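What follows is a single structure, written as structure tokens, with notes after it.
Naming follows writing order (A, B, C and D), and every chain is counted from residue 1.
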Amino acid sequence: MDIPVDIRLEMYDGMVRARYFEQRAHDLFMQGLVKGTTHLGLGQEAVAAGFAVAMRPGDMSYCTYRGHNHTLLRGAPMDALMGELMGRSNGICEGKGGSMHLTDISKGAMGSYAIVGAHLPVAAGAAWAAQLRGTDQVSVCFFGDGTTNIGAFHEAVNIAAVWDLPVIFVCENNLYMEYTAISEVIAVDHPAADRAAAYGLEGIIVDGNDADAVYEAAVAAYERARAGDGPSLIEALTYRHKGHSRADPGKYRPDEEVEEWLKRDPIDIYRERLLSLGVTEEILNEIEAKALAEVDAATEASKNAPPPDTAVLLTDVWADGGSSWRN
Amino acid sequence: MAELSYRDAVARGLAQEMERDERVVLIGEDVAKAGGVFKTTVGLYERFGPRRVRDTPISEEAITGMIMGAAMNGLRPVGELMFSDFLATCWDIVTNQIAKTRYMTGGQVELPLVIRTANGGGARFGGQHSQSLENWAMAVPGLKVVAPATPADVIGLMAAAIRDPDPVIVFEHKGLFANKDEVPDGEIVDTLGTARVLRRGDDVTIVALAAMVHTALDAARILGGLGISAEVIDLRSLVPLDTTTLLDSVAKTTRLATVEENPRLVGWGAEISSLVAEEAFWDLDGPIVRITTPHIPLPAAGELEDLAIPSVEQVVDAVKAMSG
Amino acid sequence: MDIPVDIRLEMYDGMVRARYFEQRAHDLFMQGLVKGTTHLGLGQEAVAAGFAVAMRPGDMSYCTYRGHNHTLLRGAPMDALMGELMGRSNGICEGKGGSMHLTDISKGAMGSYAIVGAHLPVAAGAAWAAQLRGTDQVSVCFFGDGTTNIGAFHEAVNIAAVWDLPVIFVCENNLYMEYTAISEVIAVDHPAADRAAAYGLEGIIVDGNDADAVYEAAVAAYERARAGDGPSLIEALTYRHKGHSRADPGKYRPDEEVEEWLKRDPIDIYRERLLSLGVTEEILNEIEAKALAEVDAATEASKNAPPPDTAVLLTDVWADGGSSWRN
Amino acid sequence: MAELSYRDAVARGLAQEMERDERVVLIGEDVAKAGGVFKTTVGLYERFGPRRVRDTPISEEAITGMIMGAAMNGLRPVGELMFSDFLATCWDIVTNQIAKTRYMTGGQVELPLVIRTANGGGARFGGQHSQSLENWAMAVPGLKVVAPATPADVIGLMAAAIRDPDPVIVFEHKGLFANKDEVPDGEIVDTLGTARVLRRGDDVTIVALAAMVHTALDAARILGGLGISAEVIDLRSLVPLDTTTLLDSVAKTTRLATVEENPRLVGWGAEISSLVAEEAFWDLDGPIVRITTPHIPLPAAGELEDLAIPSVEQVVDAVKAMSG
């Protein structure tokens, strides 16, 4: 597949924005300005970029607590995401969601779900509605390797296959659950690809650190979905640069393994490729500078934003805007 | 006006709404071709076709997750869980996802969906197919909960649930499916969060739900013969809760008993009692009495099950004792 | 494998006893003497017989609401089972379980579970205890084709495979869930066998109406389990002669299909085989007569048994024998 | 006597029992090599080895189902659910299988197992990782439920739970993990179903659990300064429930307030209130007040979460109002 250069630049731009955004999130967590927890997708940006850039408006992404990259790259405003991490009034969910629940429905970022596996059937349901309504939308669901062992995975992929739903299940296999290696808890090599046949699906493995490879797999899966040929289950091999969450140093991982993967940084790889394809250093520098400025601005805006209005505590449990359980 | 069974009222309520709004769809195990294991969805598959009425695998997380996703993308889906006991197999989707998503997204997500399920005991099905679990749902912020006691209420509350923009769980009582009653012709649409005073009385308020409404009414008739005038309230909806009707009644009668099929601990009766003990304490002339199933799983044998679930006699005795 | 004739007669005996028992249960249900519901395994007796006869004392069977055959063939007393179906005081669970919850722990019949899929992880757990305690026990778990689509199936088979547990998962594929064909809700041909590879297991299919074939598969799986080589997932092809439960006439099944399978009645097949192997008609007649007499006696005993003592309503929630939730 | 954190008390309690009885084993996600995500199981893997302390896949139904099966076959297993919110993902196993099996089999099956789980809010984790769900467990016949508030109680109640022949859910409060307190040396074994009066008082009884115990104690101190003498009861155990301690206290003080982290509807406070409204009505000199989290999912932002969970100030105000 010959990927046009503007698409490639869009992917690079997306990866760089995500990288800087999450590096800042990490710093802010260490400074105590992001509270609670945060799960970074540093190192996994190519998966988010490949899928997001291949997506159309109206398509729907479902992701996990490790969902900053995906939400940002679907077009959610960075300052509102940063505000949500910091629990400020400018947060995309008014501070009520937090780091694990970033959502921007207006952009098709259908939510970040923090109970492992739960969003797979939800994503399938959105695809089912697309099918029934004949809308041509595709629903994409991102999740981790460890998620393939929970029941909801099995139920969702099966029904999606049987009903030919336009949904793409994307397993970001970063080799670890929280602190335990996936290889310790499965009896096959590939947590997703080696299960695909159980649902009559093809086992697809893609280099998740190569944005082009991801993009190509994404395009093929979108086409399949829109043609009415049903779901895909794609396993993207990748790695998280940091620990699982918060201040986890990730010490359960062998040093050599970490080094190997750091050498395969998806952004470095892609920068090299773009240069080799004739994109100038200046263009790339400009993308990077703009991204950093955007992150700085988002940080400032969120630092300056007040905490959420206390009134929002009791809003939006119900569609009437309130939370009353009595008449 | 025509006579209709509670069972047929389910299908009529669903058909009424499916006719009106093509976004209303129904999925569940054996709901389509077979018309449901309790025959509550008979005719819908034939009338609305395989796209709108569809059988699923035995995958309750998929059923509930799919209706959530579909509600996020323009449908108004109804999912059937064959028995309310199976709520436990998809409780994460129901409580952590469906119930919380609007709030956690700052109001971005609307989830106009309905979960219907056969609830309650009396059918000798044993501990895993007989539970009354409306208290579980009541405990979860973000879920609306109704439990109709009559055919007309089945239709009206089903319609209200389907039209409501929030997730609603409709508990259909297995023990009432065969009950018949007069039902008005034409469209019936009721209002969530409204209790109904089914019998006026002055001495004591008896609050009940679903099958227990009939038990309470029977008891009230007997109590009437004993000179005790009982007011019977059918709550109909646990969330939203019609506290006005409840508190008004207690203010008048000064006595309260609740009759629930939930096992004792933290059944919905506890919430009603605590509400009155807090907000209407000075209206009360005596202890609030809760009549519940004991805190046990339900046994299968008929003689044991009948002993477990609150009976007319038990209600009469308890109310006599508190009025004595 | 050369199956000794006494084993074969034991299997025949088991199948016949189960058959008569369940035919009687059906009649009693129609007469209103069995209340609630009842799920018959008529036609599926060979699966129960093959596994039960190959089992050792101490081995553990877990089954479903369709568990009469399995419980009986592990040695539970027939009158106590009949009493349980009829809700009498002589019931094996004192009338508190009912048709869907037959259990005889003393015989290794570890219970009948009525929520689809739930007993798979439980059976795996019993096997895990056997492994840890070094007891040589094997845990066998029976379930239906439709059960392979629920999450608990996936979780249980996976962990059993990863932990090499001595558990045998036996899918009785009778082609239907309640009223819906399994083929409508899976994207593969074989609900269990075609999923085995997802757990690193071999896909094993056996003729579930041939007691010998089942027995051989069972022996192999027990050996594997006792050798520490981990679980097996076996799909036994069979058919239920009656509807799903209660008075279901099973009309959703094509007449020809029903006829075909009725011709393949496991008991008829096995009777023929025994005769062809030189077992005399007299011996078989005697087995049958004894079985019928046993069923008659169990029926009488249960009809004559009083209803459960009202006191048992409040016993055995807790190990102290009672049900009090307060001090 | 040594100072010990609530967090370390978990590991000490588990170690005490694992040392004593080799049938005690522990499984869960990241409980072994990593020592648990809350570091509550640090050192157990090293001390008791990979057979007795084992990491599982992310399969909560497998975790809970496996401990049930293991308990049926001679072990006394402990299963960790990382967050109590995940109870929802295996609620069928917990409620329909574990809780009911002894009863449904006429007492044939003994299930000496423990489910431990991190419960409660305050950590800014958002709606799916902050719930207080001890009321869910309390509602299910066949489950025992404890929720310790101090390091010593963690050890003693954990030991009691492990030694108990019935299934027990131990709710460890996330907000208390860092709390330190003096803990006696040597073996500690407590008794299920015993509440503790932590502060004596005459004017009002405040009943609390887990983190709310500390809130209640702080409030009681302030109330003392205002001339209101509050008795504070740490329930410690919801099932069995120490109704004796509760009713004795109310008989003395004549006033009751409950402080719970559960959202309002059918929290455990409702059960306590309804119990007193039924059995000690004539002791009461005024309404029973429930102080709860509002009926909402918990928000993530610190300022909002702090507003949601009952605070010392809220308790003081509420008790002042009822005593005024």
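Keep this in mind: contacts are C-beta pairs under 8 Å (C-beta built on N, C-alpha and C of every residue); 3 or more make two chains touch, one makes a residue touch a chain.
None of the values given here were measured: they were computed from a predicted structure.
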| item | value |
| --- | --- |
| Selected interface, C-D versus B-C, where C-beta contact pairs are more numerous | C-D |
| Most remote chain, CA-based centroid, reference being chain D | C |
| Chain B and chain C, separation of their C-alpha mean positions in angstrom | 35 |
| Computed distance of Cα centres, chain D from chain C, in Å | 39 |
| Distance from the mean Cα position of chain D to that of chain B, given in whole angstrom | 30 |
| Chain centre separation in whole Å, for chain C relative to chain A (CA means) | 45 |
| Multi-chain contact residues (two or more partners), chain A | 91, 93, 95-97, 101, 113, 115, 118, 149-152, 155, 158-159, 162, 184-186, 312, 317, 323, 325 |
| Residues of chain D engaged with two or more neighbouring chains | 56-57, 59-61, 85-86, 88-89, 92, 96, 103-104, 126-128, 141-142, 239, 241, 265, 294-297, 299-300 |
| Chain B residues touching chain A - in the complex, by the definition given at the top | 25, 51-52, 56-57, 59-62, 64-75, 77, 92-93, 96-97, 101-110, 112, 141-142, 164-166, 193-194, 239-244 |
| Chain D-touching residues of chain A, taken from the complex the two chains share | 35-37, 87-88, 91, 93, 95-101, 113-118, 146-147, 149-152, 177-180, 184-186, 252, 307-308, 310, 312-314, 317, 323, 325 |
| Residues of chain A defined as touching chain C within the complex | 149-155, 158-159, 161-162, 184-188, 194-195, 197-201 |
| Residues on chain D engaged by chain A in the complex (per definition of touch) | 29-30, 33-34, 37, 55-61, 85-86, 88-89, 123-129, 264-265, 294-297, 299-304, 307-308 |
| In the complex, chain C residues that touch chain D | 60, 91-97, 101, 103-106, 110-111, 113, 115, 118-130, 132-133, 135, 137, 139, 151-152, 155-156, 158-159, 162, 312, 315-319, 321, 323-327 |
